[in-house]
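So that you can tell them apart, the chains are marked A, B, C and D in the order they are listed, and the count of residues begins at 1 in each.
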Amino acid sequence: MNGNQFGRLFRVTTYGESHGDAMGVTVSGCPAGLELAVEDVQRELDRRKPGQSMITTSRDEPDAVEIHSGIQDGYTTGTPIGMVIQNKDARSGKYEPFVTAPRPSHGDFTYSAKFGTRNWGGGGRSSARETVNWVAAGAIAGKVLDHFDVEVKAHVNQIGDVRAPEVSFEEMLEHTEENPVRCADPDTAEEMLDVIDRYQNEGDSIGGSIYFETRGVPRGLGAPRFDSFSARLGQAMMAIPATTAFEFGLGREARSVSGYDRNEDWTFGDDGEPVPVGNDHGGIQGGITTGEPVYGEVTWHAPTSIPKEQTTVDWETGEEKRVQVIGRHDPVLPPRAVPVVEAMLNLTVLDFMLLGGRVNPDRLDAAPGEYDTDYHPSSPDDE
Amino acid sequence: MNGNQFGRLFRVTTYGESHGDAMGVTVSGCPAGLELAVEDVQRELDRRKPGQSMITTSRDEPDAVEIHSGIQDGYTTGTPIGMVIQNKDARSGKYEPFVTAPRPSHGDFTYSAKFGTRNWGGGGRSSARETVNWVAAGAIAGKVLDHFDVEVKAHVNQIGDVRAPEVSFEEMLEHTEENPVRCADPDTAEEMLDVIDRYQNEGDSIGGSIYFETRGVPRGLGAPRFDSFSARLGQAMMAIPATTAFEFGLGREARSVSGYDRNEDWTFGDDGEPVPVGNDHGGIQGGITTGEPVYGEVTWHAPTSIPKEQTTVDWETGEEKRVQVIGRHDPVLPPRAVPVVEAMLNLTVLDFMLLGGRVNPDRLDAAPGEYDTDYHPSSPDDE
Amino acid sequence: MNGNQFGRLFRVTTYGESHGDAMGVTVSGCPAGLELAVEDVQRELDRRKPGQSMITTSRDEPDAVEIHSGIQDGYTTGTPIGMVIQNKDARSGKYEPFVTAPRPSHGDFTYSAKFGTRNWGGGGRSSARETVNWVAAGAIAGKVLDHFDVEVKAHVNQIGDVRAPEVSFEEMLEHTEENPVRCADPDTAEEMLDVIDRYQNEGDSIGGSIYFETRGVPRGLGAPRFDSFSARLGQAMMAIPATTAFEFGLGREARSVSGYDRNEDWTFGDDGEPVPVGNDHGGIQGGITTGEPVYGEVTWHAPTSIPKEQTTVDWETGEEKRVQVIGRHDPVLPPRAVPVVEAMLNLTVLDFMLLGGRVNPDRLDAAPGEYDTDYHPSSPDDE
Amino acid sequence: MNGNQFGRLFRVTTYGESHGDAMGVTVSGCPAGLELAVEDVQRELDRRKPGQSMITTSRDEPDAVEIHSGIQDGYTTGTPIGMVIQNKDARSGKYEPFVTAPRPSHGDFTYSAKFGTRNWGGGGRSSARETVNWVAAGAIAGKVLDHFDVEVKAHVNQIGDVRAPEVSFEEMLEHTEENPVRCADPDTAEEMLDVIDRYQNEGDSIGGSIYFETRGVPRGLGAPRFDSFSARLGQAMMAIPATTAFEFGLGREARSVSGYDRNEDWTFGDDGEPVPVGNDHGGIQGGITTGEPVYGEVTWHAPTSIPKEQTTVDWETGEEKRVQVIGRHDPVLPPRAVPVVEAMLNLTVLDFMLLGGRVNPDRLDAAPGEYDTDYHPSSPDDE
């Protein structure tokens, strides 16, 4: 409603501005009995954090997460998990020129027009810094999904006009983290770095896209029609800052394909159940998952904060002026967005698994409604 | 949650199966004081209804809507509006072969797998027939938007490989309804009809896409980040049956464009307010509307119900079999989806306008919280 | 949000006005595989319907329900169940005197003040006629609860100053429906009828209350704190028209009781699990059900529509006038509210059971996530 | 859904356990442009905090709030406000005896039965310590309501059998904070202290109740039926730990009053608008506010944590044992619950005012949808 919540049963609530005091996220609906340590969350935050390479902002944030609640003796208790990430290297001063003179194509103007004011340091609430909260929440969702052998993975498949060849899920697992651009094809990664380098040197930036895929998502997720799996995944991906396109399965190419070519015959799987021959449907039929991998692409426009000179207007002085957004900005977004896409996948899949009864909403490892006296990780004897 | 609701303050709740007794939709949150007649809704349903031309299903449904509540003396009362559309030409018998032998790439299997059963006549709940409810609700939303000079329009911009040139909003208004394919460029419409005809004659079907655009959407709509305008619009469009891609602004092409090229300088508009020079941002910056037109594209895969022979399996008998889906099916989806896209735009925009205080949620034509004794359309004197 | 929805996973959405064309209710989230016939719903509506005795309104409504969707071959399909109840004996004409002259203490003025207009026939949307929708939805919830041996029961325990002695759950089951006042103690029922008769003869009306109790509600329902079992049950009961108090357990009397007297020791039950000795806690501890019966009371003020002369003002003419509300009105509310209270209990309990994983949200009789080829009530062989 | 959220447009999300690291609350939907300082929140927290007198727990918590986001230059920005209150004096050790041996009538068992585990220090999540979050959020809501001249006030009107006489709103404002029991009648306060003292000395505790009242709540709030003002207020109050009854207007007494006696004639107010003669309706008619004060009572049972010896069972050892809950516990709840009731009133009223268009959801001091270049508290010139 107010834009800071995602999920129905596994619900994430966030706060924080880019150069404010701290970012915070509350996860409610996480089943009890999940083994969870600060390191599980920190590991994912480290993948997203700034300053990792030449192609990311040089802002120096440790992004160290504190967990305030919801854990007892290393296991979740089923009650809300509050997490806070302090902003350490905030330097809002350099944004003063933009307080009343909005940066081109950034959220400066729309926030001020909507609210009459805004936190103007570094984009404030509109900054992609917000996604640190999403990655923290997604890390917890991912831990739950591990129990059900559900895996998600993403990699950068295009920067500018450089497009990666198709890669397998295994290649994504193996190679994505090997290079700063997070492309699972090492040769393409090199080309992409060249492209990024070129735009960066010109004081410019460039767009790109991410391919994502899942393994082990069970059949039957999705509540057609308005809450179909594709509708909610679409919302999740289009919520990521600077995205402009969401596709699944054949995506945009589906418009040129005939029904006969796209349709998939049914056969029997090894377990005697019907399975489709092929996966042009992208794991979703009639808005509900088929059990095949869900895959697709998300597109980002180029970062709007660039050193190259542009024109804006100052609504206080009524004057036009030339501006350069000199800051610590990423020249391209997808590389750091890979963990964000994975987080949103985790959150979407787990929420549907809870809604569809695939995960006990109260606790992980006991049958619904049965009280199990043997299971008390909080008892002194267990310590 | 259960998939049959859309919107937060302007909330639509639906029911109905393709070959069930009736379709139904409840609209809650419509402000009081809107002049509303059955004909206002019927007009939009007539645009969507089957049997309009050779390229739509020959199913003969009058799609006559009854309004059960929420209107007094021709004006809405602010209470829920219940609408029912009877299914008149349901013939579920011919779907018997598919009860336990799912049609390729349709929702038959996923529904049965999820629920253990399904309404198997004509796709049941998974059928696009459901969108009759959306169009009925969208017609009411559109009437409210008329009060605020907000307009939405869509047309078919690609079928197979035939793509329409760019057209203006005015051309869309003028030409879209002139041809059965609902393409605002008359020449392209002819080509599209040829393509559709070809696939139909082969017992096959084909995909396509729709371009949409708005006028008058006010600045400041959208609640970043999870409920950004683009995220909710993405959900709305991806909820439409058979959609596989959602794009706004430069969409998928944004990946190849530099920040400098895409960024838009600010200038002052006629009213002295900042306005962007150009609209590559598609009317949305930082997840919030800028006041510029919101535009984009939605892609549909080809209809899965085709006469061409395909293979399926019967989970009762354990046998493979060859099937032909001989029914009354559309060979292409976008032409009839144009009013559906417009309906979802109406619903999305109005919901955000209510959330953002642009429309009085209780009544249309009085200041918030003021009781106006002059306004009583229900008084006997007014009759 | 807009007041016509109840429940999170088992969600009820309603429309309709007292003297409008029809009442309607959509139930979403009902698991598939529930045997459900129109008669199951009709039976409960018949308990609530008007014209049953001298102490209920003489309005003649068959309250015949139509089910439009969500059922195949006698079993629910997991998709929304649309129901409509036509208004047959609407006579709004006699309400014309009140269009601009609000009846004392009725919702006439508040609706007009809020919306600037209203459906003025018989109270329109504010009428208790709306509860016909609740009872229809509650009947379905009750059928689901039958599968889990959960029972709810209510009876009228006070009218004016006449209070019934405590009765057992079995007495409630046996005697409640035996008398028109729906009091499970036959002697008290006679006294209550006398009281009602007396007020009715004076052109007046009288208040009263209902006692409710459950059996079989499982341990562990409720999501503290804002969605504690007691908070949601409180909302449910206070939503019933004309209620002014909600109590559970010792209720209002708890203020005079010491902790030692109210606290209940723990002992071991027959199954070796801890059980409380006594039930002063009303089946809820820490906002979560203990497995003991949930019980409490709800109070109704007297009906506001009375023949006795009262004063109102006409906001059109600016004049005071004397009015008599001559219509077909109940002189007391609790007798017909008994099925309404039971419906709200059913809806509250089932919603929490779904939220807590006690009921498979997708289907009743199969393990979560397992696809069962043996279960296809919709297959031709089963017919 | 998961119990840690309240409100629709003004939404509060909480986390934290009694003896965990910290309590946290995120407020979303607070309009921009509200002058807000840490002290505004701290003032209310100080009213609720422990250790204020002999009749409150001696736990020593400064309850110092940190605000992490949502404020710029002393004004809210319209984005989520994150707040954290550290737990300083947590001593969970003394709760070890109760890890597997639940305290009588406390939430120990229900939490363990639901989740299979729990944070067992001091009641963990079930503790009334959670209400520190509610008071923090309510303080912000109260600041918004100040702009609209809406006031709420509560005082303790009964402890055990000692009941205060009726007091005026002005007396409540003047006297409530003068004595530790927070009763606006000084003489009764003395008697109440005696009663509390007596129970405390016996190692026991006692119940009580609070009377609340509003001023300035506008006409037209409430969305009948399920979201009527009374239904949502009922939920709010029954969510407060240890409450067992909610009443408004005549409350439970309404059952004995006739329609004629309770009904209120209409007359014209000073402004020429209809106003009811009297307020037996408690400010709510047909589920919607009339503009008259909303008032009612809430009952608390006695605190369950008492030194007096009681019996419990240990589910690990299978043995019964005698226990004394020796800790720092309140002997009576209402005195510290006064600010909690006021907070829940603030949250309920403001949420409805936002929903009903009485408050601009985006910003306080500008007309909906108008962009005001004069209003930029964040601009450097304003500093």
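Just so it is clear, contacts are C-beta pairs under 8 Å (C-beta built on N, C-alpha and C of every residue); 3 or more make two chains touch, one makes a residue touch a chain.
For each chain, UniProt lists the protein as follows: A, B, C, D = Chorismate synthase.
Bear in mind that the values here come from a model prediction, so they are computed numbers and not experimental data.
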(message) Let me spell it out: compute each chain's centre from its C-alpha atoms, then which one is farthest from chain A (Chorismate synthase)'s centre?
(response) C
(message) Per the definition at the top, count C-beta pairs in contact and tell me whether A-B or A-D has more.
(response) A-B
(message) Suppose each chain is reduced to the average of its Cα coordinates; what separation in Å results between chain A (Chorismate synthase) and chain C (Chorismate synthase)?
(response) 43
(request) Could you grab the centroid distance between chain A (Chorismate synthase) and chain B (Chorismate synthase)? Build each centroid from C-alpha atoms only and quote it in angstrom. (result) 27
(request) Calculate how many whole Å lie between the centre of chain A (Chorismate synthase) and the centre of chain D (Chorismate synthase), each centre taken as the average of the chain's C-alpha atoms. (result) 36
(request) Two or more other chains in contact with one residue: find those residues in chain C (Chorismate synthase). (result) 1-5, 8-9, 14, 113-114, 125, 219-220, 273, 315, 355-356, 362, 371, 373
(message) Residue numbers of chain D (Chorismate synthase) touching chain B (Chorismate synthase) in their complex, please.
(response) 9, 218-220, 273, 355-358, 360-362, 368-369, 371, 373
(request) Using the touch definition up top, name the residues of chain C (Chorismate synthase) that touch chain B (Chorismate synthase) in the complex. (result) 1-5, 8-9, 11, 13-17, 20-24, 26, 28-29, 32-33, 66-70, 72, 75, 77-82, 84, 96, 99-100, 112-120, 124-125, 315-316, 362-363, 365-366, 371-373, 375-381
(request) Going by the contact rule at the top, pick out the chain C (Chorismate synthase) residues touching chain D (Chorismate synthase) in the complex. (result) 1-6, 8, 14, 101-102, 104-111, 113-114, 123, 125-126, 130, 158-161, 199, 202-209, 219-220, 222-228, 230-241, 243-252, 254-260, 262-268, 272-274, 276-277, 280-282, 285-291, 297, 299-306, 308, 310-313, 315, 318, 320, 355-356
